[in-house]
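Presented below are the structures under discussion, each in the form of structure tokens.
In what follows, chain A forms one complex with chain B and a second complex with chain C.
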Partner chain A sequence: MANAALKEEIFELDGMDPEKVKEEMLSAYPTKVARKRAKQIIVNKVEGEDVPIIQSNVRTVPGLIGQRGCCYAGCKGVVLGPTRDIVNITHGPIGCGFYSWLTRRNQTDATTTPDGHNFMTYCFSTDMQDEQIIFGGEKKLKQAIQEAYDNFHPKAIAVFATCPVGLIGDDVHSVCKEMKEKLGINIFGFSCEGYKGVSQSAGHHIANNQIFKHVIGNDDTVKDGDYKLNLLGEYNIGGDAFEIERIFKKCGITQVASFSGNSTIDAFANAHTADLNLIMCHRSINYVAEMMEKKYGLPWIKVNFIGAEATAKSLRKIAAYFDDPKLTEKVEAVIAEELPEVKKACAEVLPRTKGKRAMLFVGGSRAHHYQELFNELGMETLSAGYEFGHRDDYEGRKVLPGIKVDADSRNIEELKVEADPEKFKPRKSPEELEKLRSCGLEFAGYEGMMPEMKNGSLVIDDISQHETDTIVEAFKPDLFCAGIKEKYSIQKHGIPLKQLHSYDYGGPYAGFKGAVNFYKEIDRMVNSKIWGYLKAPWQTNPELAATYAWD
Partner chain B sequence: MLLKHTTSEIKERSALTVNPAKTCQPIGAMYASLGIHGCLPHSHGSQGCYAYHRSALTRHYKEPVMAATSAFTEGASVFGGQANLLQAIDNMFTVYNPDIIAVHTTCLSETIGDDIPQIVKKAEADGKIPEGKYVIHANTPSYVGSHVTGFSNMCKSMVDYFSESNGHKSKTINLIPGYVEPSDMEEIRRIASEMKLKTIMFPDTSGVLNGPMTGRFKMYPDGGVTIDQLKQTGSGMGTVAMGRLASMAAARALDNKCKVPCEIIDLPIGLHGTDAFIDTLRHIAGVNVPDSLTFERGQMVDIISDMHQYFYGKRVGLVGDPDQLLALTKFLVSLDMHPVYIVTGTPAGKKYEKALREVVKDVPGEVKISVPGDMYLFHQWIKQEPVDLLIGNSYVKYIAKDDDIPYVRYGFPILDRVGHSYFPTVGYKGGMRLLEKILDALLDRQDRDATDINMELVM
Partner chain C sequence: MNNLAIKKEEYTATKNACKLCTPLGASLVFKGIRGAVPLLHGSQGCSTYIRRYLISHYKEPIDIACSNFAEETAIFGGGANLKIALENIRRQYDPELVGIATTCLSETIGDDVPMFIREYKDMCEGQELPPIVHISTPSYQGTHMQGFHGAVRALVEGVAEKREQDGRINLFPGMVSPADLRHLKEIMKDFGIPFTMLPDYSDTLDGPLWTEYQRIPPGGTPVEEIRAAGSALGSIEFGSVLAMEKESAGRSLFKKFAVPCHSMGLPIGVDETDRFFNTLSSVSGKPIPAKYQEERGRLLDSYVDGHKYVIEARAVVYGEEDLVASLVQFLKEIGVIPVLCASGGRSGHLQKIIAEMIPDDEQKNIRILENADFTDIESMAEELKADLIIGHSKGYTMSRRLNIPLIRIGFPVHDRVGGARIHHIGYRGTQELFDRIANTLIEARQNASSAGYTYM
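For the complex of A and B:
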């Protein structure tokens, strides 16, 4: 059956022709826009290891209404936001800092560090006024850093440039350097003006670069512990990182640093002493992993702790890497202990969730990772896409050499990294690496989302409001996953929306316990009676009968 | 402790804002634009701003908030955003078919110095603005003023673009409600209609940001002032503008442009604020106040007198927007409460501060006021000497929890509760709701702290 479909190249998606739906989406656009969007709306087709090319990480079309935010949001909001002990000063007018104040739900546990510092509940801004726009803001920034120091005595201060800063020519880096010398604490800046790049993605890259330059490698202390690793691209939304930490601890795995859920700057500084980097969200953090490998010699592997099976698989990858029977045994024991309960919870909801249809448009990895959980729930993913993913997140890293660097990406610095003459230390010999590879452990690899999606599903990059409304009308999915801006327009259609940035203030959804939470939550959402309240009795039954019911 | 680094030791700050009590202009402009029927707000700048503004408004209202962006990249930031805006206008009309696009600027486009009217003219010349459709704009640089300024600027633009006098004065009264909730706008309209007045209110977000669940998503909900109505404001017999900071600019512009006289009053919050509003309407229109409103007033006074003992002498700390703070402070003083710490992030000016000081002049002890100030300073004052009640937006809950102080959510944004978009705090009914909220907070605390011996059943 599948083969026959392949031959004709016509796929069916939920009883419909996805190409027709795509056409319908495009038909509303001016020709030029339609031509551009056609390359970002792809009907999936997996042939062996190949999937179609999807244009991504390109400019959003002005006026289309989409999901994306800016470079600053990716840098300050996403990557640095969850680090509790850095005073993050937004250099710019008040808004940017205000909106990124506590709105991302990164949990943190300050009781685990002796100084107990936690500045995440605070918003620091230079609140730039027209005087600074005209005469420059460096003086005010300097003073603001001084005041932050005097009031809070943090061990580090970071400065984030917003749009006007770049235009008026403030040099945040030289200000930071000067104040670092003056105050004797680590102070560094990010040129993450919102107009850089085409989405949050540019901000991730800039954040990665600066943390790598200014923090990682500052502390060479080799801490005690076995199987030392860092978890990258996990931001502890709703406590996800806590659940993963719990599992690591149970397995006897030592987490040196987290980038950056529940993180501290001291742990960043020490991260290079670990022996393996794990990448959760490939999009936002792969740069740090790549650079650490080059400079310090620790390899990275892609993992996914979203979904119970995926969690088990990821743990086994870790065990394979360290290649120690003690760890392997422990990991298997933990999986054997945790999984039955998860399976039981899943079996309980499965009869009610099976066959339901979902769509996911979110972020740069979640639209992929959460398909795992929907698979476990027997649900079908009709359509998915990233808000700020690149082709490698869709098609896999094998397409990396072929990606043309355009003008928008070219202005994001690519750090030249070389092996550190003293600190570089290969963690495995070439023979060991070869052996691990031959046993199926893939290093520095990521397959991307599309190879795991079925033929005919619609993959849409940087989806617009119009396209969202069109697919929702066309398929009437049982569940739509996106963010806060999409939440209520979808729900007005009478379709529940699960926020996959903020989890609708629930979670955790990672790891084993998280999977159970997610099963219950999705069961609640797709089977709730509340969606049946939309019509009043007189709307379903408008005719008037002049009789009493008991006549 | 949530804000564990905040101590009572106040160090002079001149450059660093910590925990702001304001946000930026464009969000106010976006909110005002949503109060025009069939309007698609447009943010001329990078896409981060509109993403933030839409998110913040969505979290506050739990409703769809539609708006578009010019999506500047580095090129546009260097060469100007004309091409982006032209393309955006074309796309918006083609794909989303609004009646009107209301453009506001951001820090970025302001710093570049894009000339919006010139770009819009070009769009018009290129035939990108369909017949009978409109593009208006307001300049909203966030390095000046606050979200309240942005709201005010967009309200003024509505006048600048649309108000026209047809030479005859109609019997209609223009109402400019200020930066208040959809529920408040609805209530202001209700009060006027109780008085049998014909009114045009702008902006009007009721029915837009508190819409029903119907199973159908409407990009442009039923509510909002229409463009025809906006045009007619120029022929109104008078304008009542509520809240100086948010509404005065539009009212003055309307007076200048179309000779429609205006009364600028406080927001109708609390007993005397509402009295003043109704009395102003009575005078302008020359009508009697119906018994129904006098009845509501009586009910409110009844609650105040029944429960006066619980209000009397209570120290209150308030953070919020200037128009609200002024009216609310008056209300609290009228209840014999003691507003002792008052902070707004909006640079509302010396005159404003003076007006506020005048309201609290009989409050015993020192009253600390910071205009503009931030919530960090506010919290430091509380650390020095606590209060009995806090009133402010959702961020104030961190202070309330840390210092264990009864707390009433009020202002923008409220991210963690519902109600504000459905139930007003203006008018007598709204005042009664505020009284209820304040009493709930104070009396819940008394119950919580009561011992087994002194627990009261009747209060």
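For the complex of A and C:
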């Protein structure tokens, strides 16, 4: 018996000992760095409720070339970027604003709002010069806000601070307040200097806080429609939100607000009138859901619209929550109508994708969500990790109480939120909630990525370029998923890389139609004939070499 | 002093900028040194953004390390972080050179990077260290071009030595494409002249697939050749705006080692390319290879044949100042009117340079914008009724809105493949540009015509 247990301890990953691969990755580092990284590179081993601890949301070691961006990128680029009718002004030197100008492929449909405002194609920057660094930039910022107002007459203007701003002591909040009073539109600022926190994640939190403080709850109008909900943490890359909206509509579900794919500020302001929050990307937006629950009383559930089965499951969760046979019936009808085509598309590619091996290193939720699609394709995930996830994203929210708050996280404001004396309204009675729970609907819960991964797979947080090269060399996976920065180095090895930030100009991949797109795309990628041309004939066949000899 | 108009409306904010930030230019240069790793001193956002931006144009692996400032680093200084970064880079990459560029953050707090480097070298006493070159690149003082030229200068100042003269020529090509760099190398080889070309990212940023793993992509100017730059016969430095600046790599080599420096515009068009070949020939004492005489002949032949399609077309040109100046020279040569010449740079020299190129009576048709952004460019392009836009891919939105075709050149080109392979210089590069311009105009007419011409 003891022997059998021992035997199970030795994991094999693709015929290799994952611990050995880990050792190899660490061998290039000085001892201190290796020790730190060892806690962020984990061989998965889930036993019942026990999930291994993975260190995450900690600083990247200087000189390790990683994937992460900065706080500003998370705030302006990720969370606020997809909202079309807020003019975003980057307060700082030109680069930060320029590099976040339309680089995320968020789509939006401005024809659905009467004013047709869409400022996403604009990149406003105060373009700080020497003078502002020395004497301060508040005056220039005020002028920039005034110009944005004169040019566009927008409903709202948001100001984002970059690194130098915090250091020279500009107070973006007081400038915004002053201009808000002067111009009579909503103007608010974000202290999202790039050096705050350890990654984009800090910026998400700051963005959540400010939207919550300055926008949500500003408009109490209760709009028409049944089954009202908000979708949080969906950014409409490649049109994902459009597909999800299509499905909602078909089911008769009313989406009040989206945070923040295809979104508008008016919808944010009205979001608290919905009855349920759905969370897609837990990492970037769980704060808003938590705060809305406390202040307004609408609960949240975790969903995932990546993967056809996952989409069906998420729809059923929504139906269970509203607990109305009419909705349940509709949802089942929609699933029954949509699934056959998806299944057919999957069956077509399955013989070619089955057994292929993938690795996913991306974001704070996609490395998890996309494993669903790979499962559907019969592909195995050898290794995965987040760029800016926290322990709860890996191990599940149950570890939250045990997470030590370090100096970097402490610097990010935690808003104190209380129930609103007038607007707080529990959507379900305690009994109803209990009943739903007992039927398996989990509120405010997220299992995390590791419990859903095989034992023995490698989970790597904040992977470095060197580690990436090492695992790719070791395993030669059939597909690697990451972003543009990794794309071409992986492809130099002859392994295709699927971008899961920007989708390589493709998409949507969410929902039912998205799944079909994804199947086809992955089939094309892992079965492309290109990879067969890697070696020239005279390199693989010595006989031929003779005939090609030049002498 | 002339008829050239400056910016028409002064805005405070920059809307849709037509320039990039300083350390990007420096990083690009360091990517053109063999075995080098660029290191940005600041927080990780800048290096990530810059990597992403360069990679989506070149479509090649580009590793740029960072000293990863945290909040307290921003307060107490980045010395410790820089040293850790250097140590880790050496362990992982065993580089032949480390190129450090600062960011706005480390500049704002006033980090003394040269001192940190000295301290690091002391720490590593007895160990063999690669050259560590540093350039200060605050983006609030310039654009990516200051970073580019500054890094080239920092490299020769930090590495070049006086040695026995070996007949070599230094070539400082400026921010041209990998295809351009490859062409320059071909020219130098055909001439049979030993040379130092700095930088040379023709292989590192446009390389083949690998059959085995490479820690750092192969290619680039060897450090040894930068050393030898101090003993060259002469330097050739492209960039007409650069030629008017106080400092440059070529001028620095002249001051320090008395290597004569020949400044000229980027060799686009017959005139500037002639000048380049003549200079090469006179400095080296070698004749111009017949191959290039033939290329020149073919180019002129195509000018004659294609002239009627391009003459008097009205073009909007934007990009780096050096590039814009040289394009104007070329457009003038083929009879295209550069009705708007714009750049996000603001050296203050562009206007003068263009004024000198263009005779007085033609100047009234031309507008020049320095420190321009795309809002300025677009409103003026509309007013000037341009037929053609020539510049990088950030002009696409404007081209779409105004329904004026865009010819993509320079950097960045993010919405097409092959940005690295766009060829701009020499007779052959000019030929490619000329054909693209003529064909774009023909296509526009073809599309607009009700006759549906299929034969010319």
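Rule of thumb we're sticking to: the second predicted complex is superposed on the first by the 532 of 551 C-alpha atoms of A that agree within 3 Å, B and C clash if a C-alpha of one lies under 4 Å from a C-alpha of the other, contacts with A are read in each partner's own complex, and residues count from 1 in each chain.
Just so we're on the same page, a residue touches a chain if its C-beta (ideal position, glycine included) is under 8 Å from a C-beta of that chain, and two chains touch if they have at least 3 such contacts.
Here the structure is a predicted model, which means the values were calculated and not measured.
Undergrad: Give one word, clash or fit, describing how chain B and chain C relate on chain A after superposing.
TA: They clash.
Undergrad: Return first, second, both or neither, reflecting whether A:408 touches chain B, chain C, both chains, or no partner chain.
TA: both
Undergrad: Is A:179 in contact with chain B, with chain C, with both, or with neither (first, second, both, neither)?
TA: Neither partner.
Undergrad: Looking at A:69 after the superposition, I want to know if it touches chain B, chain C, both of them or none. Which is it: first, second, both, neither?
TA: So A:69 meets both chain B and chain C here.
Undergrad: What is the contact status of A:492 with respect to chain B (first) and chain C (second): first, second, both, or neither?
TA: both
Undergrad: Applying the touch criterion given at the start, work out whether A:463 contacts chain B, chain C, both or neither, answering first, second, both or neither.
TA: A:463: touches no partner chain.
Undergrad: With both complexes superposed on chain A, which partner does A:280 reach: first (chain B), second (chain C), both or neither?
TA: The answer is neither, since A:280 touches no partner chain.
Undergrad: Quick check on my understanding: which residues of chain A belong to both its chain B contact set and its chain C contact set?
TA: Shared contact residues on chain A (touching chain B in one complex, chain C in the other): 28-30, 33, 59-73, 89, 92-101, 103, 121-130, 132-133, 140, 143-144, 147-148, 151, 162-164, 166-168, 193-196, 198-199, 407-408, 411, 465-466, 469, 483-485, 487-489, 491-494, 534-535.
Undergrad: Considering only the defined contacts, which chain A positions touch chain B in the complex?
TA: Chain A residues touching chain B: 28-30, 33, 59-73, 89, 92-103, 110, 116-119, 121-130, 132-133, 140-144, 146-148, 150-152, 162-164, 166-168, 193-199, 407-408, 411, 464-466, 469, 483-485, 487-494, 533-535.
Undergrad: Over in the complex, which chain A residues touch chain C? Could you list them?
TA: The touching residues are 28-30, 33, 59-73, 89, 92-101, 103, 121-130, 132-133, 140, 143-144, 147-148, 151, 162-164, 166-168, 193-196, 198-199, 407-408, 411, 465-466, 469, 473, 483-485, 487-489, 491-494, 534-535, 539.
Undergrad: Which chain C residues qualify as touching chain A in the complex?
TA: 11-17, 19-24, 39, 42-46, 48-53, 55-56, 59-74, 81-82, 84-89, 91-92, 103-105, 108-109, 138-141, 143, 207, 209-211, 213-215, 217, 397
Undergrad: Looking at the complex, which residues from chain B come into contact with chain A?
TA: Listed in rising order, the residues are 2-5, 11, 13-20, 22-27, 42, 45-49, 51-56, 58-59, 62-77, 84-85, 87-92, 94-96, 106-108, 110-112, 141-144, 146, 211, 213-218, 345, 376, 395, 398, 415.
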